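Sharing a structure here in C-alpha cells format.
Letters are used for the chains, namely A, B, C and D, taken in the order the chains are written, and counting of residues starts over at 1 for each.
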Amino acid sequence: MGPSLLLYTLRRLVQAVPLVFVIILINFALIHAAPGDPIDFLLGSSDATEEYIAQLRAEFGLDRPLPEQLLAYLGKMLSFDLGYSLRFREQVLTLILSRLPATLLLMGTALVVASLLGILLGAVAARRPYSATDNVATLAALAGYSMPVFWLGQIMLLVFALHLAMFPTQGMMSLRAPREGLGMVLDVAHHLVLPVATYSVYHLALVFRLTRVKMQETLALDFITTARAKGLPEGRVVYRHALRNAMLPVVTVIGLNFGFMLAGSVLTETVFAWPGTGRLLFDAIQARDYPLLMGLFTVLSVMVILANVLTDVIYALIDPRVVYR
Amino acid sequence: MPSSIPASSIAEAAVAPAPSAWRIFRHNRAAVAAGAILVLLAAFALLGPALAPFDPVRTGVGPSMAPPGLPHLMGTDELGRDVLSRAAGGLRISLLVGLGAAGAATLIGLLVGGVAGFFGGLIDDALMRVTEVFQVIPRFFLAILLVAFFGAGLFNIIFAIAILGWPEVARLVRAEVLTLRSRPFVDAARVAGASRTALIVGEILPNAMGPVVVNTSLLVGQAMLLEAGLSYLGLGDPGVVSLGVMLQEAQQIMRSAWWTSAFPGLLIFLAVLALNLLGDGLNDVLDPRARER
Amino acid sequence: MTKLSRRDLMAAGAATLAVPGPVLAQGTPRRGGTLILAIEGEPATLTSHLATDTPAMMVANNLFNALVLLNEKLEPVPDLATSWTVSPDGRAYAFELAQNVRWHDGRPLTAADVEFTFNEIVAKLHPRAGSWWPNVESAKATGPHSFEFRLKQPFAPFLTMLGSVLSSGALIMPKHVYENTDARTNPANQRPIGSGPFTFSRWQRGSFIELNRNATYFKPNRPYLDRLVFQVSSDPAARLLAFERGEIDFLHWYIVPYDRIGRLRTDRRFRLYQKGDAAATNGLMLINHRHDRLKDAKVRQALAHAINRETINQRGLFGEAKVAKSHVGSTIAWAFTDRFDYAFDPAKANALLDEAGFRRGADGRRFPLRLFWASGRDYEGRGAEIIRDNLRDVGVDVTVQVFDRTSFTDRVFRQWDFDLAMQLFTTGPDPTVSVTPRYHTNAIRRAPFVNGMGYSNPEVDALFDREPTITDPAQRAQAWHDIQRILMRDLPALPLFELPPIHAASARFADVVTGPQGYIENRENAYELR
Amino acid sequence: MAGAPLLSVEGLETHIATHAGTLRAVDGVDLHVMPGEAVALVGESGCGKSMTALSVMRLLRPPARTVAGRVAFEGQDLLALEEAAMRRLRGDRIAMVFQDPMTFLNPLMRVGDQIAEALAQHRGQSMAQARQAAVEALRSVRIPEPATVARNYPHQLSGGMRQRALIAMAVACRPALLVADEPTTALDVTVQAQIMRLLAGLRRDLGSALLLITHDLGLVAEYCDRVYVMYAGQIVEHAEVGALFRAPQHPYTRALLAAALPPHRRVAELAAIEGQPPSLLSPPPGCRFHPRCPARVAPCDRDAPPLFVLSPERTARCWLHARSPADAAAS
C-alpha cells in the first residue's frame, strides 16, 4: 500500500495543476478587467521611472495581443516570478516566504487544537443528544460561529491581556528580553495562546457541530448494533467504531475549510500583530499593493490546493474503500 | 435495501399522520426564540431609523462620548452622534448585505446546480468542475481582491460575498435534482409533455427548496460576518454605515467609549446567532436528512 | 549679513553634548536597557533616500547621521559637521566633518561619502529633493573631511533644510556600499550600514526591527540604550493595550490615541512629550480652485466662516490640538501671524454666499460639494463629518467620501478630481520648504502633495520667489506676513488644526524625545531609569 | 418437551416514543426457546419481530424502550441485569446474526479484527491470540483462505462471504443461543441455502439454540422445530412446524402460507393479504387483523381476542376458537 499511496498522492498533485492554472487565470483576468490601465495595477501609484514602466510593459507584453500576454504572464508565474512589491520594494515571493512560517505556526496550531477539541466535544455531545451538556455545547458552538473574529479577538485582549494580565497582547515573542532555546519556544507558545484561541473558535464550532451530527448518524448505523451485540463496552463502541467512521466527512470538511481558515488568519493576525501572511495582506490592501495582493492570492491558493490534496491522502489513509485511482 | 432494524420499525410511525411542520419547528424552542429575535431585529432595522429620535448622520446631537443612558440609550460616539440611531441604520445595511449576498448566491447556485443536475452529461461535468474550482480557491481572498480592484461599493461587496456562497448551493441543488429527476411525479410530468424549463421550475426546484432555504438562512449570517471582516480590513463601503463599518470606526476609541464597539458587535452577534438557530430549526422541518450543513 | 560663522558657538555647543533642551529625568543618564517603539506599519526600507514614511524615518535616523541637526529654536547644531562657514554672498557653505566617524562596517566616513550622497542619491532619487536641490549649483568634497555646497542664489533656509532630514533626505549614506549599484534596489536598503548611534541587528519581517548600540559611535558616551526595537503594530486598540501593558514603550504623535491622552497624562506610569516643532503639521481642507463655485473667492471665504474649527478640535481631536489660524505653523514664531484668520460666523457665511449669487433653493440648498478624505487618520474623518454638518447649515450640500490613501492621493493630486479634501501638511521647520511648494504656481503638477488645488496668484508667486533670498530676518518675516495675508484671503486651502506634537512614552525612560524632530529624531540621548 | 427453557419471554412490551405518540411495537409477547431448539418468529416486516429480538438482546436505542415484561435466559432476568453483566452475556452466551451483511460490518475495520474483538472481550485473549482465533472462526464458517480474508475489509468480500463473516463473529464464542434476524434476506437464493445449511450445521456442532426471525416460511419449514407467528406487535399463533403447516389456526397464518405457495397452487381468495398492516400507534379496536380478515365474525371489530390455548404446544389469537366464554377467560 505504501507505493500505491505515494502514486495516489502524486496523481492527486498532478490533478491539482489545472486548478493552479485557473488561479493564475483569475489573476490575469482581474488585471485586465479592473478599471484602468493594467500597468497601473502592476505599478500602483508609485513614482516609477519611464524605463521601469517600459520594462514592465515589455515583460508583460502589454502591447501584444491578449493570448500572448497571458502566455507571458503564465511564464512569469511558473518561474515563481510573482512580481515586485511596490510597498516593500522586494520580490513578492521573498516577502511571502518570509511571512509564511508565522502563519503556518498559527494556523497549524489552531487547526490541530480546534479539530481535536471539536471532534472530542462533538463525540461526547452526540452520546447524549439533547441532554443539558449537549444543549450548552451546541449553543456555545453556535455562539462561536456567530461572532466577528476580530471583535472576539479584541474582547479576548481586553479580558485576558488587560484585565487578567495572563497573556501578552502583541507579536510572536517578547522583544525586551529575547530568549533562546526552550525559553524561546515557551515564549512563543505564550504569545500563541490568545491568537489561537480567537482563531480556533469558528473552526472549533464547525468541527464540533459536524462531528456531533455525524456521530449521531453513525451511532444509528447497523454496524454499531453489531458492535454492541458483540458485548463491547460502550466506550469502545463509540470511540473505536463510531468515531472513526464519523470522522470521514469531518476530515473532508476540515480540508475544504482550510481556505476559510486563511480568511480568519488575516483578521486574527491583524488584531494580535502576528507577523504572518495575513498581516502582509492587510498591509498590501492598505497600500493597494496590487502585485503583492495577487502574489498572496496565488501562493495562498496553492496552499489551499495542497491542503486539499493532503486531505484526500489522509482520507485515503483512514478509509480502506478509497480506490487509488 | 440497507436499513437498521430500529429504523425500519420507526418507519411505522410514518403510517401515522405526520406532525405538521409548524409543530416540529415549535418543538425547537431555540429556533422559535431565534425567530422572535429576528423579527425584533428586523423591526429595529426597518423602523428604527424612523422611530429613532436622532439623525444617525448628524454630529453633535448629543455630547461627545456620552455613556448609555437617557436620552441616548446606547450612548453617543466621539462626534456626539447617537449610537442607537446609527446602529439601527447599520443593522439595516448589514441585513441588506446579508440578504443580498445570500440571495444572489442562492440564485446562482440554483441556476448552476439545477442545470447541472437536470441535464447531466457534459454540461454537468463542466459546471461541476467550475464549482469545484470555486470551492477550492480561498474565496475570502478573492472577495478582497475584487473589492480592492473594483472599489468598495455596496454592490461590489454584495457581489464579492455572493461569490463565496454559491458553490455549496449549487452542489446541494444538483444532488437534490439528481434524486428528484428520477421520481415518478417528474416522469409523469414529462410524459404529459412538459417542457424542460417547466419541469425544472415547476416540478423539480420546488421540491428541492427545503435544503436550499436552510442553507440560505445560514448564508445570510455568514455574509454579515464577512461584511464585517471586510470592513475591519478597511474594505467596507465608507459611504454607508453598516455594523461592520461602525465596528471599524470604534476601533480607535473603544477603550474610552466601549459602547461604540459593544452595541454594534452585539447586534451582529445576535442577528447571526438567531439566523443560525433559525437555520437549525428550519433544517429539522425541511430537511431531516441533510443535517450536516 | 556679512559673515555667518558660528564656529565658536558650535564648538561650545558640542562641548555641552550638542543637543540642548530640558533634561526631564531624575538622576543621571546611564548605560543599558531596551526601548521598544511602536511603528504603525512595516517600513519599505530602513533608509531615508527612497521613502518618507514615518516608520522608515524613525528607524533610519538611528542608523545614519546628517551634517547638522536642529535645536529647539530650529537653529542648526553639529551632527557629522563640527563647524561650518557661510560665504558673505550667502552662496557658499563650507563644512568641516568630525574626524573619528566610522561606518558600522569599520570604514572611515569621509567627505567623499557626503559628496556621493548628495550628488548621486539625494539629487537623483529623493522624493522631496525638488523643494530645495534646484538651488544647488554644486556639492563637492574639498578635502578628506571638508565639504562645500555652492548655491545658484542665496537660500535663507539652507542650513535649516539640511537639518530637517525629513524634508531634505540629507542623511549621509556610505559611498562604498552604494557606488555602482542601483540605490533603489541595493540590499543595504534592508540591511543598512550607517554611521549612527545604533547598528542594524535584524529585521523580522512583519514583526520587528532590532538595532543594537553602536559601541564605536563618534559622540562620547552616546548612546545609552543597548537596544532599540521597533515593533510593528497596526491595530490601534491592540497597540494602546500593549502600551498600557508595558510591552511597548513609545507611541509617536501620529499614533497616540488622542482620546486617551487625558488618561495617560494623569497616569504615573507614562510620560508625555510635547516636542516636534521641526516636523509640525497642520490639518488642512484643500479647496479645488477649478470648481465653478469654488473659484469664487467669496464662496471660499464663506466656507471659512461656516466651519467651526473649535468643534473639530474638541470632537475630532478630543481638545488636544489647536485651531490653525494660518498656513504657517504657529511654532515658527518669526514668520507666523494669526491676524488674517476667520471667525466662526454662519450668518456672515450665508451673507457671502448670497452675495456671490448662490441663493438657497426651495429645499434650502445652494449647491452640492464633495469632501474627500483618506482612511487611516480617523480625526480627518471626524473633521470631515463636522464640516459636512457645518456647511449643510449654510445650505452647502456636502457629501463625504473616503478612499484608501493611494486612491485618495491619485484622485486629489493626480486627477485633480475633487472639490474639497482633507490633507495634512508639514509646516516646519521653515515655511520656504513647507508652504511654498504647495501654493506656488509652478507646483501645479500632477504629483503627490503639491498644488493640486490649481491655485495660482502671480502676486504671491513673486513673494515666494523673492523671500528666500532676503537675508535680513525682519524683512523676510514681513514678506511672510504678506504671503499669509494673501493666502488667507485667497484660501487655496483652509487651515483647520495644528496637530499636537504629543508623544507618549513609558516613564521608565528619560529623554526619549529631546529635540524638535520629535518622533523621527535618533534615540542617542534616551536612557532607562533604574 | 422437558426441562427448563433456555430463553423465556413473558409479557414483553416495547414502545417507541414518536412525535405523534407512543408506538406499541411489541405488545405483550410470550415465547420460549428450549436448549438446542430451533424456533422461528414469523411475520410481515414491521410486525415487531425484530424489535422483539432487540428487546431480548437489550440493544434497543431511544426512542425505543422496553416498558414491561420478563426475559429469562439461563435463569437470569435479562431485563433486570446490570448493563455490564448484560454486556458479558452478549456476544458470548447470546449472539446475534443480522440481516444485511454490508451495513452490519464496520467498513473501516478488517474483518478479522471485527471477529477478534469479541474474542478479546469475552475470552480475555490478547489481540494477537484473538486474531488467530478469528481465522479459525472464519475457517469454521467454511471461508476459503481464512487468513487472507481476515485481513480484508468488508467491501472486498462478496455478499455471501460477508454473511459468513458475520456468522463467524456470532459463533466465535460458541453461544448457547443464536438470534438470527433475517440472515438471508439480502442474499441470492443459492447463497441463502448455503448460509442456512451452514447455520444448521453450526447449531448441531455447537449445540446452540436458534431463534430465527424471518418472513420466509420455506426456511421455517426446513430448519425450525417450532413457530411463533406475529402480527401487529402480538403473537397470533404458536405451533410446532408440522402442525402449523398442516393446519394453520389463524386466518393470518393461513394467508401467509397461501402467499408463500407457488402461484399455481394458490387458493384464489387467499392469494394475497389485502390491505396494509395497521398502525401500531392506534391499532384498530377488537382483533388487530379484522380489517383484513376474510373470516371475521361478530365480535372481531369490538373485542380483542385472547390467545386461545388449543393444546399444550398450540395457541391462536382468534375468535374462531372461542368455543365458550370460559376458554377466553382461561387465557
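What we mean here is this: contacts are C-beta pairs under 8 Å (C-beta built on N, C-alpha and C of every residue); 3 or more make two chains touch, one makes a residue touch a chain.
Please read all numbers here as calculations on a predicted model, not as lab measurements.
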Contact-graph distance - origin chain B, target chain C: 1
Chain occupying the most central position, where position means C-alpha average: A
Between the pairs A-D and A-B, the one where more C-beta pairs touch: A-B
Length of the line joining the C-alpha centres of chain C and chain D, rounded to whole Å: 92
Distance between chain centroids, defined by C-alpha means - chain A, chain D (Å): 52
Intercentroid distance (Cα basis), chain B paired with chain A, Å: 23
Geometric centre distance via CA averages, chain D-chain B, whole Å: 50
Per-residue multi-chain contacts in chain B, two or more chains: 2-6, 234, 254
Contacts with 2+ other chains: residues of chain C: 235, 237, 241, 404
Numbers and ranges of chain D residues touching at least 2 other chains: 54, 61, 98, 100, 103
Chain A - residues contacting chain D, complex: 219-223, 225-233, 236, 241, 244-245, 318-321
Complex interface listing, chain D residues touching chain A: 54, 57, 59, 61, 87-92, 95-96, 98, 100, 103-109, 114, 117-118, 121-122, 153, 155, 166, 169-170
Chain A - residues contacting chain B, complex: 19, 22-23, 26, 30, 33-35, 41, 139, 142-143, 145-151, 154, 210, 213-214, 217, 220-222, 225, 249, 256, 259-260, 262-263, 266-267, 270, 281-282, 285-286, 288, 290, 293-294, 296-297, 300-301, 304-305, 308
Of all residues in chain B, those that touch chain A in their complex: 2-7, 30, 133, 135-142, 144-146, 148-150, 221, 225, 228-229, 232-235, 244, 247, 254, 261, 265, 268-269, 272-273, 275-277, 280, 291-292
Chain C contact footprint on chain A (complex, rising order): 44-45, 47, 87-90, 95, 98-99, 102, 154, 157-158, 161-162, 165, 168-172, 174-177, 270-273, 275-276, 279-280, 282-283, 285-288
